[in-house]
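For clarity, chains are labelled A, B, C, D, E and F in written order, and residue numbers in each chain start from 1.
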């Protein structure tokens, strides 16, 4: 089956992104297809390349990155939500004249259309909120 | 009177930081002293230098910065909370080997001791959460 | 896009205290731009989003009433509210900013079942 | 620091679903390091923080029971729970990870009044 | 001695208000802010019957289209600061 | 036809559960996740009396020290995915 996940909560503060990560791993393990993970609202902070975690705590953005690279996943951060929350790639940092960018390279900034497109292309859409 | 404010919620997603900003302006207007604003939990995102807002929406981090500069305020972002959430100054970015930093220059990363110290030095401590 | 799916967006949040109401409308308008039929269901405190005469400039936010008024132009005309939610807040339909459809609580399970994609926000 | 103020930290949140429980304990330990007396008040779902035998490795989080056990070493021994909150969840004090002090709901206003700084989290 | 309590959650968060009320003394003040101002609607205000001093933050009342709220005294941001100085401590419920 | 509902809020958020229940059909399934698993405590489970199919996510039950929860069937992450495939749509309550 084809799945799309929507993640609406920030990591560390909320458990929802961690639940979503475990769910994503389980569905891939079972041979299902993960069409896209769409990060919305404070969920855009899952795409931060600047998160550091003590050695005994998990780093969600790095885990998303690793999962995406292993399975060639499409992990999209909502561009409108991200810009208002300070999550930028190099292009947007330049466009908005910010001093740097902080989006992990495995993530892509794109519009809400990617959420609608993914919903149309998927058998199931699961929201993880907090 | 001497005030300290604690801001625990992320801007844009929650109204609490905007309420805190208006409160801060009001107390300064009345001639009170604002000893410190301490940003904790997802409130650390108030310190982001990468936030951009459409022209007709307010940019909270920039407003904090402007207020701090105008009144020479001590605006502190909790370092432990910030590092886990991807809000870093240049020193921490180097320490944790992250590719950049994103803390607005008016803010300072420091420990929870600054919250306790500020509480001791203030007549009133007001929490803004979301 | 050729495939049509019926989208249902569910909100449970009051306006302005969080960005949920605004960000639900952003999804709704996007569904419409992509020519997908979309229904909005406002439960509990979300009913309060539709009170008229917002003045959110007082809290430096954009006016949701204006966004709500634009829904019809995007052919988003199914905005559903359970009668019980309206009663709970002591409101009547003529106090609301836009026309809505009242729904009996008993009809809610059927409403869910007639949509393909349900997104809560 | 010479001035002493009495700190009261109030939590209303269950553990692990959010970071609130953990981040309240971080403030408590800091108060103690700065030799300030601190009381913890757990209301509503926050009582659930003290259930024993957490296994948060299942959800990749650190064990709050371990942090709770360290409170006594930091001389944080006033952990208050309203009897009603415990009853609401059907729990008894012997099911909890650490010793706590039960408080009657009627005593809550006086508890607030005897503290200088109240921080909710 | 008295305490100022602020509350920013609406009627869907009944336990937030309940827990606030359980800690309030007779001479305490409750200031409704942000989504908390909806508790001042006629259909909800009765749960605040035991609270002697109720205020609502004006900007939040106006923002939400509640101009005709009667019975609840409004305070502006300066009034909010004033309430903080007139009480010995502030407890925030959210 | 049937729908899978997930719920991640604890008993303090009663309206979250109420609104979830108001939309549930008889053959729908309720999966308690994260703080939602506390609804399976003996003191709360009765509010779920009208729900025919209740599951709780095992990792969240164990994380919170609720190993002795009886009466509620646990599912692991694979079971969560399975439930999604066995229902026509998923509605998340949070």
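Quick notes
The rule is short, and it goes like this: a residue touches a chain if its C-beta (ideal position, glycine included) is under 8 Å from a C-beta of that chain, and two chains touch if they have at least 3 such contacts.
Just so it is clear, the structure is predicted and the values come from calculations on it, not from any experiment.
Both subunit D and subunit E are touched by B, F. Of all chains, the one whose mean C-alpha position sits at the greatest distance from that of subunit B is F.
Counting every residue number used by either copy at the subunit E-subunit F contact, over half are found in both chains. The distance from the centre of subunit B to the centre of subunit E, each centre being the mean of the chain's C-alpha atoms, comes to 25 Å.
Taking each chain's centre as the mean of its C-alpha atoms, subunit B lies 38 Å from subunit F. In whole angstrom, the spacing between the mean C-alpha positions of subunit D and subunit F is 27. Of all residues in subunit B, those that touch two or more other chains are 12-13, 15, 19, 22, 41, 57, 125, 127, 129-130.
Residue positions of subunit E touching 2 or more other chains: 8, 12, 15-16, 34-35, 59-60, 89-90, 92, 94.
Multi-chain contact residues of subunit C (touching two or more other chains) are listed as 12, 16-19, 44, 59, 61, 117-118, 120. Touching chain pairs in this entry, ordered by label, are A-B, A-C, A-D, A-F, B-C, B-D, B-E, C-E, C-F, D-E, D-F, E-F. Here subunit C touches subunit B in the complex through residues 16-19, 59-62, going by the rule given at the top.
Residue ranges of subunit F in contact with subunit E, taken from their complex: 12-16. Across the interface of their complex, subunit A is touched by residues 1, 3, 5, 7, 19-20, 23, 26-27, 30-31, 33-34, 36, 117-121 of subunit C.
On the subunit A side of its complex with subunit D, the touching residues are 12-15, 18-19, 22, 56-58, 130.
Residues 6, 8, 40-41, 80-81, 111-113, 115-117, 119-120, 125, 127, 129 of subunit B are the ones that touch subunit D when the two sit in their complex.
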